[in-house]
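I've put the structures underneath this note.
Two complexes come next, and they have one chain in common, chain A, joined by chain B in the first and chain C in the second.
Take a look at the complex of A and B:
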């Protein structure tokens, strides 16, 4: 079975790389298979790691007492799960053009939940923590524990953050000092984008090396 | 009724979730856990609806004999294989794991590795140092790329140190600026959604 798996993987890998020549039936076969398998995997995971543990199990535990001879395991709270289950079922209103509006109910809950959770999360994780990280070295400067090079780095960090924010600040016209700050911000942004690009390229090349290593050693190793 | 009730639901869930995050009371925390599980229950239904939509679009392709319609059967084959084994027997079933490890994972990695070739051609177009900003981007990308591989330190022993300094200082400051801007944008957009000012998620119609 392992040998068969290696051959299947090698065939599909070569099918995808055949796209480097041009679009062809082998690539289209692998592409469509990948879509089908990925969607199937998503369904299985969302049922087994979402619906069953969070909806079915508590609901079943609450309903069980109605079956004779089965001891009661959980309180009536499990019946509350009927509400999200009913809300989830409303998504199927999207299958009928006349009932598409029913999707708004579960969507509103998900959007409201997402919006509600993102406000404190963004405040705490990104705004407070990132601001703290930016100005914290100045406490060390005040205490006299930061080296001269560390001071340069701390000042550079604040200048970079302020200038980058200035570039995205469109409430005032970018003229005079604001224009200069904005131009410095573009410089910092270019360094950030260059770093992101370099890291992305290296990540993709690492994946390519891994696939080529599989073809040369694991697959060709089964032949020679 | 069709628009007002969803707006009320959105407002209720948005505001109560914010309040629970600022209150350590056990009731508040258990309410948060309960609503969190509701979101996890509702989400799989949305996923099933998305799958049904995908199936319908491929059935239409087959029925109309659109270009490359035969490949829609391959989509169904992959989907059915995963669902028929995974749903009744669970993701730990050996056949499901075999399909995942020998089809999905390697194809996922290969698809992304394919981008290495296209990113190279994109880099050729983007990295022509015509302006000061483009030169800055070019030099940074080269230092980061060379600093990530052993040959970088063979060329100059400080290459990886310079790369790390760029990542930890100017790169981080730019990222912090972007993160702060994006976070403020997300917060303002969330407030607009909760208060019912932003209603695009409701779609058109009555």
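Take a look at the complex of A and C:
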């Protein structure tokens, strides 16, 4: 069985790699299989990790106290859980062209909720925390505890942040000093992107090596 | 005789215990109270720090639910610890705590039992008040600028090459009689890059409605797909061309990252769209998509705020919207006063950051650190 699994994996790996030459029936087969399997897996996952614990179980817990024959104790508060469940059901409005407008309500809640959560988080992490991180080394410079290279790094950081921030001014024309600052900012951005590019490419090469190792040793090893 | 032996044994045991616990004093001022600014799922226990020569090597927390026995909770705490947050409580129950000091020789001495404490949820996180004030300040600046833009005063927006190419890309697709492919990436509907991407898509859809150019939008998230359908449909309606709108052109592929990449690659290769927009949140699949788009000769306009994927887009696409340019795009394309005002307000916010930073550097160099202290409090 393990041998069969290795052969299937090797076959599908080669099918996907065949795309490097051109689109072909083998790639199409692997692509459709990949999408089909992932959609099926996604549906099962959504049912077990989403629908059952977050919709079905709370629904039954909410309606059970009102079921005939079951003693009615507390339970009115549980009915509140039916509101988000009902909101989620509105997404099914998309199935009927006449009721598509129903989708707007849960969508608006989701978008509003997302923005409300992310805006303070972004202010906290991308603005306040980074501003503090940029300023703080200068306290060490004042205390005389920073090495000469540390001082260079701190100054570079401030220059980089100021210039890069200037590049992202949209309501001001980039002329004169603003233009120079933003050009230096682009330079800083490109240096950052270059290093990120190199770093990620190294990671991707490691993945390629892993695949080639599988083909050469695990798969070809079963033949030779 | 046996009584004498018993007395000797008891005395010996007492002497040994005393010898081991010599100098080990119980933790003092032990209090248990509801943890402030939480949802009521924890209780905080505090006690005074022991002197350095106290011989204490650690603390063990013991807990008692009303009427129950004592139970040890959590790991052994280090000697320097003066507080512990018990996050394993059940809401509604009251718990009493004992802090047990442990010496190197494993002798122990217990503190007095605290008064019972319950976990209670708070409606407001008072620690976030500075952040709330900062939010209000930024919000006020943006609202003021929106009113400024709505009053009819002109708001200047600098040239963004990637967005100027939008019309060129759509025109090219129309002339060639081919479709336009728009990918919103892998983000969920509640994520900022996806929201920004949807507003750009709305503007692109308005133009494609005018030119009757097919606009294909493969989606990774079914909820995003539903919202996108609404966005595109509204754009076509606004342009007075609901007849051109085809719901099937906005479709779900799969939620799996690389299966989505394989599917979109397949669409690119088979349909050969003349223009490709990759706007939103992208991860490792960014280069796979951008490279395939490049190989079919499509004009590509990408945009993301993910700094790890931007280098790939810059390398493989014709135009790239870097970070905040993605957020500015909707204002740039639509020229709506509300969006333009918001953009101007954000620039004001940047000026504020600018001033804070320069002032902060000068003050820190002079030994005054109230700006960093304030920023720390905001966080």
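Here, the second predicted complex is superposed on the first by the 203 of 224 C-alpha atoms of A that agree within 3 Å, B and C clash if a C-alpha of one lies under 4 Å from a C-alpha of the other, contacts with A are read in each partner's own complex, and residues count from 1 in each chain.
Just so we're on the same page, contacts are C-beta pairs under 8 Å (C-beta built on N, C-alpha and C of every residue); 3 or more make two chains touch, one makes a residue touch a chain.
None of these values were measured; they are calculated from a predicted model.
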{"item": "Combined model on chain A: chain C and chain B, fit or clash", "value": "clash"}
{"item": "Partner, of chain C and chain B, that touches more residues belonging to chain A", "value": "B"}
{"item": "Chain B versus chain C as contact partner of A:127, first or second or both or neither", "value": "both"}
{"item": "Chain B versus chain C as contact partner of A:29, first or second or both or neither", "value": "first"}
{"item": "First (chain B), second (chain C), both or neither touched by A:95", "value": "first"}
{"item": "Touching partner for A:192 - first (chain B), second (chain C), both, neither", "value": "both"}
{"item": "Contacts of A:165 with chain B and chain C, given as first, second, both or neither", "value": "both"}
{"item": "Touched partner set for A:79, first chain B, second chain C, both or neither", "value": "neither"}
{"item": "Contacts of A:42 with chain B and chain C, given as first, second, both or neither", "value": "both"}
{"item": "Partner chain in contact with A:110 - chain B first, chain C second, else both or neither", "value": "both"}
{"item": "Which superposed partner A:16 touches (first chain B, second chain C, both, neither)", "value": "both"}
{"item": "Chain B/chain C common contact set on chain A", "value": "16, 19, 28, 30-31, 34-35, 37-39, 41-42, 91, 94, 100, 103-104, 107, 110-111, 113-115, 117-120, 122-123, 127, 131, 134, 158, 161-162, 165, 168, 189, 192-194, 196-197, 200, 204"}
{"item": "Contact set on chain A toward chain C in their complex", "value": "16, 19, 23, 27-28, 30-31, 34-35, 37-39, 41-42, 91, 94, 100, 103-104, 107, 110-111, 113-115, 117-120, 122-124, 127-129, 131-132, 134-136, 138-139, 141-142, 158, 161-162, 165, 168-174, 189, 192-194, 196-197, 200, 204"}
{"item": "Sites on chain C touched by chain A in the complex", "value": "128, 131, 134-135, 138, 155-158, 160, 188-192, 195, 223, 226-227, 229-230, 233, 253-256, 258-259, 262-263, 265-266, 269-270, 287, 307-308, 310-312, 314-315, 322-325, 328, 331-332, 343-344, 346-347, 350, 353-354, 356-358, 360-361, 364-367, 369, 371-372, 375-376, 378-379"}
{"item": "In the complex with chain B, residue positions of chain A that touch it", "value": "1, 5-6, 8-9, 12-13, 16-17, 19-20, 28-51, 54-55, 80-81, 83-85, 87-89, 91-92, 94-95, 100-101, 103-123, 126-127, 130-131, 133-134, 153, 156-165, 167-168, 185-202, 204-205, 207-208, 210-211, 214"}
{"item": "Residue ranges of chain B in contact with chain A within the complex", "value": "2-3, 5-7, 9-18, 21-22, 34-49, 51-54, 68, 71-72, 74-83, 86-87, 90-91, 96, 98-104, 106-117, 119-120, 123, 132-134, 136-145, 148-149, 166-167, 169-184, 186-187, 189-191, 193-194, 201-203, 205-206"}
